[in-house]
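Chains here go by letter, A, B, C and D, matching the order in which they are written, and residues are numbered from 1 within each.
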Amino acid sequence: MIKLEHVSKTYEAGVQALKDVSLHIRPGEFVFIVGDSGSGKSTLIKLLLKELSPSSGKIVVNGKDLSRISHRHVPDYRRKIGCVFQNFRLLQDRNVYENVAFAMRVIEAGKRQIKKQVPYMLSLVGLAAKYRSLPRHLSGGEQQRVAIARALVNKPKILLADEPTGNLDGHNAWEIMKLLDQINKAGTTVVVVTHNMEIVRAMNKRVITIRKGSVVDDQKGDADAI
Amino acid sequence: MIKLEHVSKTYEAGVQALKDVSLHIRPGEFVFIVGDSGSGKSTLIKLLLKELSPSSGKIVVNGKDLSRISHRHVPDYRRKIGCVFQNFRLLQDRNVYENVAFAMRVIEAGKRQIKKQVPYMLSLVGLAAKYRSLPRHLSGGEQQRVAIARALVNKPKILLADEPTGNLDGHNAWEIMKLLDQINKAGTTVVVVTHNMEIVRAMNKRVITIRKGSVVDDQKGDADAI
Amino acid sequence: MRFSSFEYNLRQGLKNIWRNKMFSIASVATMTACIFLFGLFYSISVNFSGMVKKAERGVAVTVYFDKNATQDEIDKIGTAISKRKEVARYNFVTADEAWARYQKDYFKGHTNVADSFADDNPLEDMANYEIYLKDVSRQAGLVSYLEGLAGVREVHQSASTARTLTDFNALVRYISLGIIIILIAVAAFLISNTVSVGISVRKEEIAIMKLIGARDAFVRAPFVVEGILIGLIGSIIPLVILGLVYSNIIHYVAERFDALKSMFSFVSTGDIFHVLIPVSLLLGVGIGYAGSRITLKRHLNV
Amino acid sequence: MRFSSFEYNLRQGLKNIWRNKMFSIASVATMTACIFLFGLFYSISVNFSGMVKKAERGVAVTVYFDKNATQDEIDKIGTAISKRKEVARYNFVTADEAWARYQKDYFKGHTNVADSFADDNPLEDMANYEIYLKDVSRQAGLVSYLEGLAGVREVHQSASTARTLTDFNALVRYISLGIIIILIAVAAFLISNTVSVGISVRKEEIAIMKLIGARDAFVRAPFVVEGILIGLIGSIIPLVILGLVYSNIIHYVAERFDALKSMFSFVSTGDIFHVLIPVSLLLGVGIGYAGSRITLKRHLNV
């Protein structure tokens, strides 16, 4: 499903964020990516979303070489992916409801479907009461949960989540993790970047460790081993 | 040092973020504030920085009633406080060095002092090599560390830190906590909002728990008990 | 695009204007100011041009006949004149009329001088055709044609006046054209500048939309709606102001400076706005549309 | 403020311009466009006004004497005329000169007509003073004064021409003034608009500075430096362009339309820029400064 072959990424400033990374994530897998601050985790997520292009190497997702996707077809590719960004990236001038609904409008979902699905998603992340608030009138954790709701609302085939619980309390973090696990059980491939080792240990999934741009460890979780 | 008396805060939208909060933090204390997402922790920090004014109640810091400080004297008040914001709030158009140096320029520190102190602070948070990067060219954790460096560079009397380790890996988070502890030992009053219960437990300090805008628990840590 | 998407984009475009009040006001204001200036100059130059045209029409070519020209020859010359396209009108002036006019023009108030001629017409041979031209610049051609006709003794032309007027008219035309072109260019530049600043500020929003999987057309639509609406508002406002100002000013000037009335009559509000309305709308809406499309192109490559 | 702070703020102001290239360019462009238009109209109206002034000076009042006026009386009239302030110049025209001019003016090309008078001057009594005025609007006063003098038979004035010119001049003056005021207002509005949009975009940056403990003056300084610099650049560019364009155009027009030369001479580049430079700089720098201060005030309450 997701395959990286000798991928490197050097930013214009000369910073080498990823060095010769090769990875294979199978369909339906649940993978944690951990590593120190600045080790290149977000860069990896950005490459998978085709927000950035690798300096060298090849990335294949759903059987498609990302470098071969034309500008015209990038939206089609992204629609199959849900992404929670590390800094949320909410539309600042639209309220919570519109932010989540936007992801559905993009795929030209029907009005009725939007009206049903968006409130449901918001209640799942515990924000049903805040649907009319603007992002800047939300707490940090609430913004993060809007970002999660938006990533999940279209039931994507692949979910990329960059630090989805960094601003959440233990209880909320667990709820979100259970949600991701459910979605994964329903068939979605889930890639989660996190620093929360407590959760990583408890979830017992495959853990890929990155250090200074290189994969230094890749451990199958017990849950997968079964 | 910090005293809240029956403080409430209701936002324009009608959201009651804090309800009748009374607190007393003594000079030189190290306090953790914990609570669920949306419980009002950031609101409390914003009130202490006089970014917001309480709807009712009285806040006294360093013997001064905050509601009595005139617009002209607000900068003097803020200069004695270091603040790490939950969403970092870095100056986007200035590089790492300038962001940290800015806090020193504000208090009209000498050129030489700035040239000495800023690189020292950056090395303490592990960002000496990135001093010329713009915030948008940093990883989430790196931005957070710049925010921490900026809050500490003037050796403030009070340090308010809103979720300072949310984007940091375990190792970096510990380093930052040790730094805050050092600063506290040197006399600074430290207030840290965090979701990281592992750290809270390990640090063994006073912990104030907020739930839905009210203080529901206030436990002295063993370290203080001694 | 599905209809619900279309409707959504239309609504978003309207909301964008409201959400970005600051920029919307700035854009509308810029557009209003530019189109107002453009309209102002268009009106002034059209009127000025009309004034010069009217002055031109007062310039005449005078044809004198051979001493022994027969009435038949004179009539033939008249027919020849009537066939020329550049002639606005012409009329025959008898020797007596010529002398009477002379006296009126030059001895006005000095009846004693005129009296000294008694009934003796010193301008006996000065019967002539007075020809008024449509376009002074074609005077030279007419003169040389007339000089070739049988029975014509001499063709008198007010050469210096004609040249001056032609030159003056050309100068006014060049200046007006120059100013109007400069104004249109400045307007286009400022308006597209404002639009593109407004869009640049929202480049993060555009990037987010693209990252979520929105197609270019979907991201673009509300902006284009916004651009067109701003263009529309920003050209209707100055048109309304100009309409009011213009009809009031021509009224006021006509009253206050009645001596000028003889020199020129104002171009009617209708005639001015016949041109001004389509040009302004095209300018406003066109630049609003084009400006937003061009600027967006730069930001859609995410 | 310490010197190092001052220096820092100056440097930050310069850097701001570079960091916010988009806005800086937009601001400078808006300012350039507005001041260019203002300069353009100022030049045109000053020249036009000069032209009308010159035409005015060509209008004369003619004083004819009593048939039996002595040379002494005539001289006295001359002295009286010379003492009037509104008189630009005057000269004595003898009867012979008057007749010669008459012939030249009206019988030009028709020597046979003039010949018919032989040596008999029909304008024997038409010796006169020809008086040219500085200001046509004061013609009526002069005429009634002259009519009261001994030995004056009649004062001839070109009443309609004078009134027309006075009216025309007033009209041109009003229109120019109106346009220039409109242009300055539009310029001020657009420029302050651009400046305030530029600052609004950075309101988060301003809020951050304030939260860190920066005083209003410290936050403001770089923005004000930026505003002044943008004002300076935005007024120097149009002044340079206008300088080049103006001297070239007056050169070109003078060559191309030499018939117009007699009508008016151009106001020199120096004279125009004597006024234009200080006004433009004041406009640019003043609005840049005031605009940034006023807009900042709104955002500093954090």
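Brief remarks follow.
Criterion: a residue touches a chain if its C-beta (ideal position, glycine included) is under 8 Å from a C-beta of that chain, and two chains touch if they have at least 3 such contacts.
Note that the coordinates shown come from a computational prediction; the quantities given were computed from them, not determined experimentally.
Relative to the C-alpha centre of chain D, the farthest chain centre belongs to A. For this pair, chain A with chain D, the centres built from the Cα atoms lie 67 Å apart.
Averaged C-alpha coordinates give centres for chain C and chain D that are 23 Å from one another.
Centres computed as Cα averages put chain A at a distance of 63 Å from chain C.
Averaged C-alpha coordinates give centres for chain A and chain B that are 29 Å from one another. If touching chains are joined by edges, the resulting network of the protein chains shown is one closed cycle, each chain touching exactly two neighbours. Counting only pairs that meet the touch rule, the chains in contact are A-B, A-C, B-D, C-D. Put simply, chain D touches chain C in their complex at residues 22-23, 25-26, 29-30, 33, 36-37, 40, 44, 64, 102, 106, 109-110, 112-113, 116-117, 122-123, 125-126, 154, 156, 160, 163-164, 166-168, 170-171, 175, 179, 182-183, 186, 189-190, 193-194, 196-197, 200-201, 253, 257, 259-260, 262-263. On the chain A side of its complex with chain C, the touching residues are 49, 51, 71, 74-79, 81, 83, 85, 89-93, 102-103, 105-108, 110-111, 150. Within the complex, the chain C residues that touch chain A are 1-2, 4-5, 8, 16, 19-20, 204-205, 207-216, 218, 301-302. Chain contact summary for the complex, chain A toward chain B: residues 11, 13, 15, 34-38, 41-42, 86-87, 133, 137-142, 144-145, 162-163, 166-173, 195, 197-198.
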